[in-house]
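Here come two complexes built around chain A, the first alongside chain B, the second alongside chain C.
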Partner chain A sequence: MAGQSLKRDPVIPLTGSDWEHVYEPAEDTFLFMDALEKELEDIRAARPGFVFELGCGSGCITAFLALNLKGPAYIASDINPHAVAAARRTFEANELKIDLLNMDLFSAINLPSGIDVLLFNPPYVPTPHEEIESSWIARSWAGGDKGREVVDKVLEKIETILSPQGRLYMVALDSNDPHEIAKWMGTKGYRTKVV
Partner chain B sequence: MILLTHNMLASPMKEASKQLHLKIECEEKVEKEQEYNADFLNRMIERIDWNSFCAAAQSLDVGNGLPESKEQVDSSNEEQMKKIHHALMEVDVVKGSLVCTETGRKFPIAAGIPNMLLNQDEL
Partner chain C sequence: MSSRGASLLVLFAVLCSWPGEAGPSVSEASSDSKASLLRLRGGMKLFTHNLLASPVPGLTKQQRYPLALEVERAEIRPSKVDQDTIISLLERLNWKVFLDALQAVGGEESIGLERQFPQDMAEVISSACNDGDVHMFRALHRALFETEVMEGQLVCPATQRRFRIQEGVPNFLAADVQGTKQEALSPRSEGEEA
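And then the complex of A and B:
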């Protein structure tokens, strides 16, 4: 039926106390899913092999994409041990076989051919630097100066992470200066757009 | 952790070269059937490090019948392709360790999830 959404939303089997240490899906999560839904046919057409989510939290985003786009291998990671444990439950509840890694950014990744689709809802809230590592839950949102400290660490070496035709989907706030991010990505030869 | 995921990991230790794959010490594995997709498998074979995959498969006792090199992969041989599919996609290490062969540091795998975090004194 033309125009009608066929998307499936993931089951999130997490409750009350789970959200003490794991980011609960919120407006940014839902906006990210909406954006990915808009991009779905485009992503499908690119026939990605590896889809990787950095900072998966509850696993909601990867579960959403995996339910709606079969084919690629999905891998999700988070530095927060509570988050990977929560994401494991989310994937099981949605009958998805997705590997998880408890890892700091890409510190243990060695994939010369690169990631085809990188999903990243980063800690983007501008905060004092010290707040970034103040707790597991703070790590999910505290972004340091301009909310860019963790984002910039990833973007600095993005060309070593993505495959030649690879793409990054990332959430950003106006206070993160997305135009500057786009300019920076442009100097690395990437095209950017706002979804 | 399946071997496809293992194939994209290297030791995060600062002394390590980042080129070598981690050795698997498996305490518990589960074999789960996954949908076989020949097109996907062919594309993955192109992208993985074959020697590392074979060594890892041997360590999990699922290496028998795997071609010794990528060049010997015959995508028209379905029996061989299903063996590759099984070793790469269907064997899940749920408990054990990943060992950095350069430093001896072990990274534990629990509930199928490798913990690749370094301690403060290793950063």
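And then the complex of A and C:
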């Protein structure tokens, strides 16, 4: 697609001590942003009204999309209060008006008409189940069996979360068995692609 | 935590057209220094309140929505009106819940609006979408996106359990979530920053 290469990267106003309890943007975060950049024109063309990030951590991903795609209303959430506080600073530093919610998954949200774009960099690292809830920072990466325990909780109910024209962007490892995820989502009527 | 071999999945259903673009912008960013959570701007928009429901387990959809809103402090933060976004979000709004939330903030007058919103959402849609009433867009934008609750409470309609909006962020964590007892209610100060 033509033009639109004026990509803006978010300012991340966080420092060393912040990363004790909040996931520091890493390879997967940058991969996610690269993928969103590739998809940007496609997302724009779909004209989303409402974008939601589940497990926003530092807020980097939502800030990136919001800087590069003006228009939709954005909300970001995390179970980790430190992450919520960090994301708030990130949004502020980037002059973005994005609401934050401190909650577990979609526990406090009612979505009769769904989310148009759901962003999710889940805790995908395969770990023992117990590790998931072992600390705030562990919640950002510990994914339990096959790294799928948290992912599956979301995917099980995905049709109640996305709007009819909605889409989910999610990071997955090979060990999460993305092909199986694609097959499963196929049974729910979703198309899947790897970006 | 290596992401070697990570791949990105996109799942999407039918795409249909949707109005939208242009943008939310912020009036001003504060230049806060240390331990500055209190000085950060930005709160819960009334648009967001419209989507919130009680996290108390075991409730039906009807029992968990809407959350009653009690406002201790709200702020107006001006931003750019985006008519397309308003149109696209208007049709997903629970209008009655929105009007109740607006009353909790103090009503139209308290946020600088001269006219009352109609009780019937069809009237709003007709004047905004069909007649292109700029004042209606302006008013909707003010109420939905510029009015932000900084301090207050959200109350579960079924159990009366209360959830605090603190420094603009609603906290729905159960008391037994890991770490919350020690940490959640007093996010540590960011003393080393700046």
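By our rule, the second predicted complex is superposed on the first by the 190 of 195 C-alpha atoms of A that agree within 3 Å, B and C clash if a C-alpha of one lies under 4 Å from a C-alpha of the other, contacts with A are read in each partner's own complex, and residues count from 1 in each chain.
Keep in mind that, in the parts below, a residue touches a chain if its C-beta (ideal position, glycine included) is under 8 Å from a C-beta of that chain, and two chains touch if they have at least 3 such contacts.
Here the structure is a predicted model, which is why all the values come from computation and not from measurement.
Enquirer: Would you mind checking whether chain B and chain C clash or fit side by side on chain A after the superposition?
Expert: In the arrangement built by aligning on chain A, the partners chain C and chain B clash.
Enquirer: A:L96 contacts which: chain B (first), chain C (second), both, neither?
Expert: second
Enquirer: On chain A, which partner's contacts cover more residues, chain B's or chain C's?
Expert: Looking at chain A, the partner in contact with more of its residues is C.
Enquirer: If we overlay the two complexes on their shared chain A, which of chain B and chain C does A:P81 touch? Say first, second, both or neither.
Expert: Both partners.
Enquirer: Could you list which residues of chain A make contact with chain B in one structure and with chain C in the other?
Expert: Touching chain B in the first complex and chain C in the second, residues 47, 49-50, 71-73, 75, 79, 81, 84-85, 88, 97, 99-104, 107-111, 113 of chain A appear in both lists.
Enquirer: Which of the residues in chain B come into contact with chain A in the complex?
Expert: The touching residues are 1-2, 4-5, 7-12, 18-19, 21, 32, 34, 37, 40, 43-44, 46-47, 107, 111-118.
Enquirer: Under the definition above, what is the set of chain A residues touching chain C in their complex?
Expert: 13-18, 21, 26-28, 31-32, 35, 39, 44, 46-50, 66, 70-75, 79, 81-82, 84-85, 88-89, 91-93, 95-104, 107-113, 116, 124-125, 133-136, 139, 141, 158, 162, 164-175, 178, 181-182, 185, 189-195
Enquirer: Hey, which residues of chain A end up touching chain B in the complex?
Expert: Those in contact with chain B are residues 47, 49-50, 71-73, 75, 79, 81, 84-85, 88, 97, 99-104, 107-111, 113.
Enquirer: For chain C, which residues are in contact with chain A within the complex?
Expert: Residues of chain C touching chain A: 1-3, 5-26, 28-30, 32, 37, 40-45, 47-48, 51-55, 61, 64-66, 77, 79, 82, 84-85, 88-89, 91-92, 94, 145, 163, 167-174, 177-180, 183-184, 187-188, 190, 192-193.
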